[in-house]
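Read through the structures below before going on.
Note that chain A is present in both complexes that follow, paired respectively with chain B and with chain C.
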Partner chain A sequence: MSDKAKQRYLLQGNEAIVQGALAAGCRFFAGYPITPASEIAEQLSITLPAVDGTFIQMEDEIASMGAIIGASLSGVKAMTATSGPGFSLMQENLGFACVAEVPCVVVNVMRGGPSTGLPTCPAQGDVQMARWGTHGDHPIVVLSVSTVMDSFTITVKAFNIAEKYRVPVILLSDEVVAHTRECVELPDAEEIKVVDRITPSVPPEWYKPYEGDARGVPPMAAFGDGYRHHVTGLIHDEMGYPTQRPSEVKAFHERLTKKITRGFPDIQMTRGYYLDDAEVFVVAYGAVARSALRAVEDARENGVKAGLLQLITLFPFPRRALTPLLDQCRAVLVPEMNLGQISREVQRVNNGECVVAKHNRIDGKFITPRELFDRLMKL
Partner chain B sequence: MTSEQKNQERYEIRFSGSGGQGLITAAVVFAEAVGVYDGKHVCQTQSYGPEARGGKSKAEVVVSRSPIDYPKALELDLLLAMNQAACDAYFYDLKPNGILVIDSGLVEQQPTSRIIAIPFTQIAKEEIGRELVANMVALGAIGLLSGQVDLENLEKALLARVPKGTEEMNSKALKRGIEEAGKIKLDDLPRSVMSEDDEV
Partner chain C sequence: MPIPAQALRHEYLRHNKKFPHVWCPGCGNGIVMGALLRAVSRLEIDKDEIVLASGIGCSGRMPTYLDFNTLHTTHGRALTFATGVKLANPSMNVIAIMGDGDSTAIGGNHFIHAARRNLNLTAIIINNSIYGMTGGQYSPTTPFGSKSTTSVYGHIEHAFSIAELAVTAGASFVARATVYHADLIDRLIEQAINKRGFAVVEVISNCHIQYGRRNKLGGAVDMLTSFKEQAVSVSRAEKMSHEELEGKTTIGVLADREIPISTEEYKKVREQARAQKEKV
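Up next is the complex of A and B:
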């Protein structure tokens, strides 16, 4: 075997998320088992202790979210993983992570909902919840994966975004991607770009824990390394203490939003297929993007100039990738395993030039290439 | 590459029966042999109900020489049915020239005469001594009949996945399956799973 030949592994999407998290430097996991996300906790319970990391099975998802916030504040990259019902429980503490700017990654492997719903069936019903599940205006990043390899690379990216912008990142997978096994060749450690949070460069007595740098992101001191500071869910001033002064409250909110807005080119990720001469196109994400790619190729063979825009970043919604295509094409098809959660975003950024068609499946089944092909041929 | 060529490159297998028969394990071993050891593109998926045992269970393997977009089966080249319900439910997903493999002790009503009937469970119980390894007897048969996997690699993948101490039993089960399938002459079977009346 030559030096370049890499070991091939047969991995599930969930197992690839574990490998991605470890490669990104995650050393803390707290969670509670739930189908179809349990394999993530199961594998990390073995792999984390082996790299001097910490794995805790908590009493529930509320505590799990609290635990990863605590771990991250003490300087450790932290993650939890769950599915819909657990994700609901995490929302309160997720808001705390947003307002206190605590980097962390929350994996939600979507299954049929609401409530306990359809535990073993695929769905994409948590998309808007991932954006707006916790209350109040808040910045958050939502990414989605469609293959086993994605589950590795996008998990690394999720940690990098969380660390770089001090923001919680939601990684949406679904039952299909999570449980599909594919062969992957994982990159070596030196090939993977890993971003770590910026730590204060000033002595402790000068440290202002919530003073943004040029990008609006405050350097982050870890609890226990001498930088005594206050962390609260209340709106706070640059020293981290609660404030109600309108000028400080406004400045706080603006900084929180702008630090993400400034990062749009870095955060908003999409993949295009056959778009250059497309007359109709599909906007898809997660496992459905795979069905869509096949449908687009089939449509092209049947004389329809179709293309696919696959969304990796769902929020902040990648408007800039979409608007030129909405101008270029006469129709766009948005297939989802929900009643239309991204299609409303597409409609929002549409200038009225393009027909927006939805294709929704909510019967617990995966969307097939055939049904999308039939829609494309009639657009 | 055209879609038709792509479909011709795909080889799709479904392992079906009830929960607890080890169908997902069999599919994973097959996928590992084809993907990791043979170096082909492979996607392995499954669906099952919320029950731990019983209920419907199916696992699929899609093999291709090019990258696989849609990860689940579209039209089956080979269907393994380990009970009557699975045979009835999935028979119609077979290609006309696909292969239907059944456990002849568990499937009484046969939907076609293009069928390969082997008593996997009975062989496992009486010859290997454990009903548990019926899935591995079936895996051996499918390994040979599909023509998609190097049989030595299939055994390697199997031995890497099974619990320590059970290697010999599993490997024996696999070889019995291969041997049993070797007695079948595919060319002697009717060419289509559909009866002649249906085809007209």
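Up next is the complex of A and C:
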């Protein structure tokens, strides 16, 4: 690494997502205007064409999701960005990306809901929707960001996971992170690990487009590469053709799930703070993790052995990081800007020894360090 | 010189696909598929350079059978996926095949915007006036008064005219044929693929099973015969009065115009963006 001082930037979360996407190799964006995500589209409409990429504003979010899938099938890394109402519209084609195993990144800058809700207020109400929003059983990866720097690094990671496992990755930001400006030092291009999808190594006549490799991930040919193949939203066999044969349907679903299960150590990301000797701890994600960290530090100063487990990956739920702490601590506090969407996951993996306390705000206001400190002192 | 059907089958049908297909005997979809293959064959386009995208419905199954890069998308969304494919790789010949409900009900918004946007895409719409696959419910092109499983008392809404809709929405090329006029479909699809800009070919087709039977229009042959009787060429239609054209179907090229293509225009955007970046 060079000693030269890194370039420092004053960026908001949405801008850092743009920089992260470009660094990860994203060269296609399709989207539809929506608060509080619009800056991502605006910036990419300027930056993408300068790097031979493509920006397009579609007629709605259904179309945006369709377009990024089409681009990804043509071998280009693609992304869209939206907020709750648009994310609702994307669920249909998000399911297509799941079943046809199309790598792509979907950013949802969460705002208050349901429906038009609170367009300019922060919320974390779309967490379970990100997991289960599209119909049918499906594995999906959901990541969350809590700082401007995260917005850069986790966006790169989102693309890497999407490419490595051939899955859509949902990146959840929120109105606070999206519009907060922070000074960040962006890494140089050579310091950034960028993963590209694996392409077929066999000649076209041997290619089975949906035959998993050892990890369960099929090598992916792009349209136009000479590997003519069929892509469908129907459940399909290894050749990509529709099937209703129970053995093939079962094998298909199992492979989709197992490729993610096998990737748990790689996909499930958390950050621990002050956890070694913790007696109580907080599980937090997104902007709320920032308030939680301050509250934990204040609690420590006041004699409470508190810690924080920040979730970067929300789904697949990082159970392995959590269970030892649930055994170690007498209580866990789960603050969320919703009525308890991750706390139910925490309860699900708890073996009953640890008290699970919730702290919820749905009034469009951010959860402050002070209110979490007060809760921690009484746990 | 007609192309032998067997040669077309061997060249363009997937050998490893589990046939038979899902279409009913006498379905117009096969005629359109044949026309598409003849057009592609005449134009001598490399199979690797064709992406055929479809939506959901009977027409949606066509790509499964054909040896191109094929994409069977969600209902009504073929053009959105096709837009992504084309923008990501403009050298591809991207063709969307859709039905009437697919393209003008659930996909109506995408259809008019694709026409307005004017990417270099080809859209083939098989219009059989009904939702066939789901059992014969009325579609946006079901004629007023017709019977369907959701309009057993007679349809009280009015039908879209798909080709005229495409003209108004700004497509570069718009044409219409019926499945009776197979040769014409060949030529129109050829022209549409060759056309630089968004090109639409609407093909009036028969669903004698779900639409014809319920409306006492007879079998496939009877419906095709009536298409022949109802069809009026564009040049003849120009000389006919509004009253004379009642119940007729205008066939031929309805619009053929030069409009800036957004894939071409985007090259200029890239140049400007690069120049801007170098300045900073």
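Everything below uses one rule, namely that the second predicted complex is superposed on the first by the 376 of 379 C-alpha atoms of A that agree within 3 Å, B and C clash if a C-alpha of one lies under 4 Å from a C-alpha of the other, contacts with A are read in each partner's own complex, and residues count from 1 in each chain.
Just so we're on the same page, a residue touches a chain if its C-beta (ideal position, glycine included) is under 8 Å from a C-beta of that chain, and two chains touch if they have at least 3 such contacts.
Keep in mind that this is a model prediction, so the values were computed, not measured.
Undergrad: With the two complexes superposed on chain A, say which partner A:Met58 touches: chain B (first), chain C (second), both, or neither.
TA: A:Met58 contacts chain C only, not chain B.
Undergrad: Touching A:Gly233 in the superposition: chain B (first), chain C (second), both, neither?
TA: The second partner, chain C, only.
Undergrad: Scan A:Arg344 for contacts with chain B and chain C and give back first, second, both or neither.
TA: neither
Undergrad: When the two structures are overlaid on chain A, which partner does A:His253 contact: first (chain B), second (chain C), both, or neither?
TA: neither
Undergrad: Have a look at where A:Gly70 lands relative to chain B and chain C in the superposition and call it first, second, both or neither.
TA: second
Undergrad: Touching A:Thr368 in the superposition: chain B (first), chain C (second), both, neither?
TA: first
Undergrad: Return first, second, both or neither, reflecting whether A:Ala78 touches chain B, chain C, both chains, or no partner chain.
TA: In the superposed model, A:Ala78 contacts chain C only, not chain B.
Undergrad: Residues of chain A touched by chain B versus by chain C: which partner has the larger set?
TA: On the superposition, C touches more of the residues of chain A.
Undergrad: Of the two partner chains, chain B (first) and chain C (second), which one does A:His179 touch, if any: first, second, both, or neither?
TA: The first partner, chain B, only.
Undergrad: Shared contact residues on chain A, chain B side and chain C side combined as an intersection?
TA: In chain A, nothing is touched by chain B and also by chain C.
Undergrad: Spell out the residues on chain C that touch chain A in their complex, using ranges where they run on.
TA: 14, 16-18, 47-49, 51, 53, 63-64, 67-74, 77, 80-89, 91-92, 109-110, 113, 266, 269-270, 272-274, 276-277
Undergrad: So in the complex, the part of chain A that touches chain C is made up of which residues?
TA: Within the complex, chain A touches chain C at residues 28, 30, 46-50, 52, 54, 56, 58-60, 62-76, 78, 92-93, 95-96, 222-226, 228-234, 239, 241-242.
Undergrad: Which residues, counting only chain A, touch chain B once they are in their complex?
TA: Touching chain B from chain A are residues 8-10, 35, 119-121, 176, 179-183, 287, 290-291, 293-294, 297-298, 301, 366, 368-370.
Undergrad: Chain A touches which residues of chain B in the complex?
TA: 2-3, 6, 28, 31-32, 35-36, 39, 41-50, 68-72, 74
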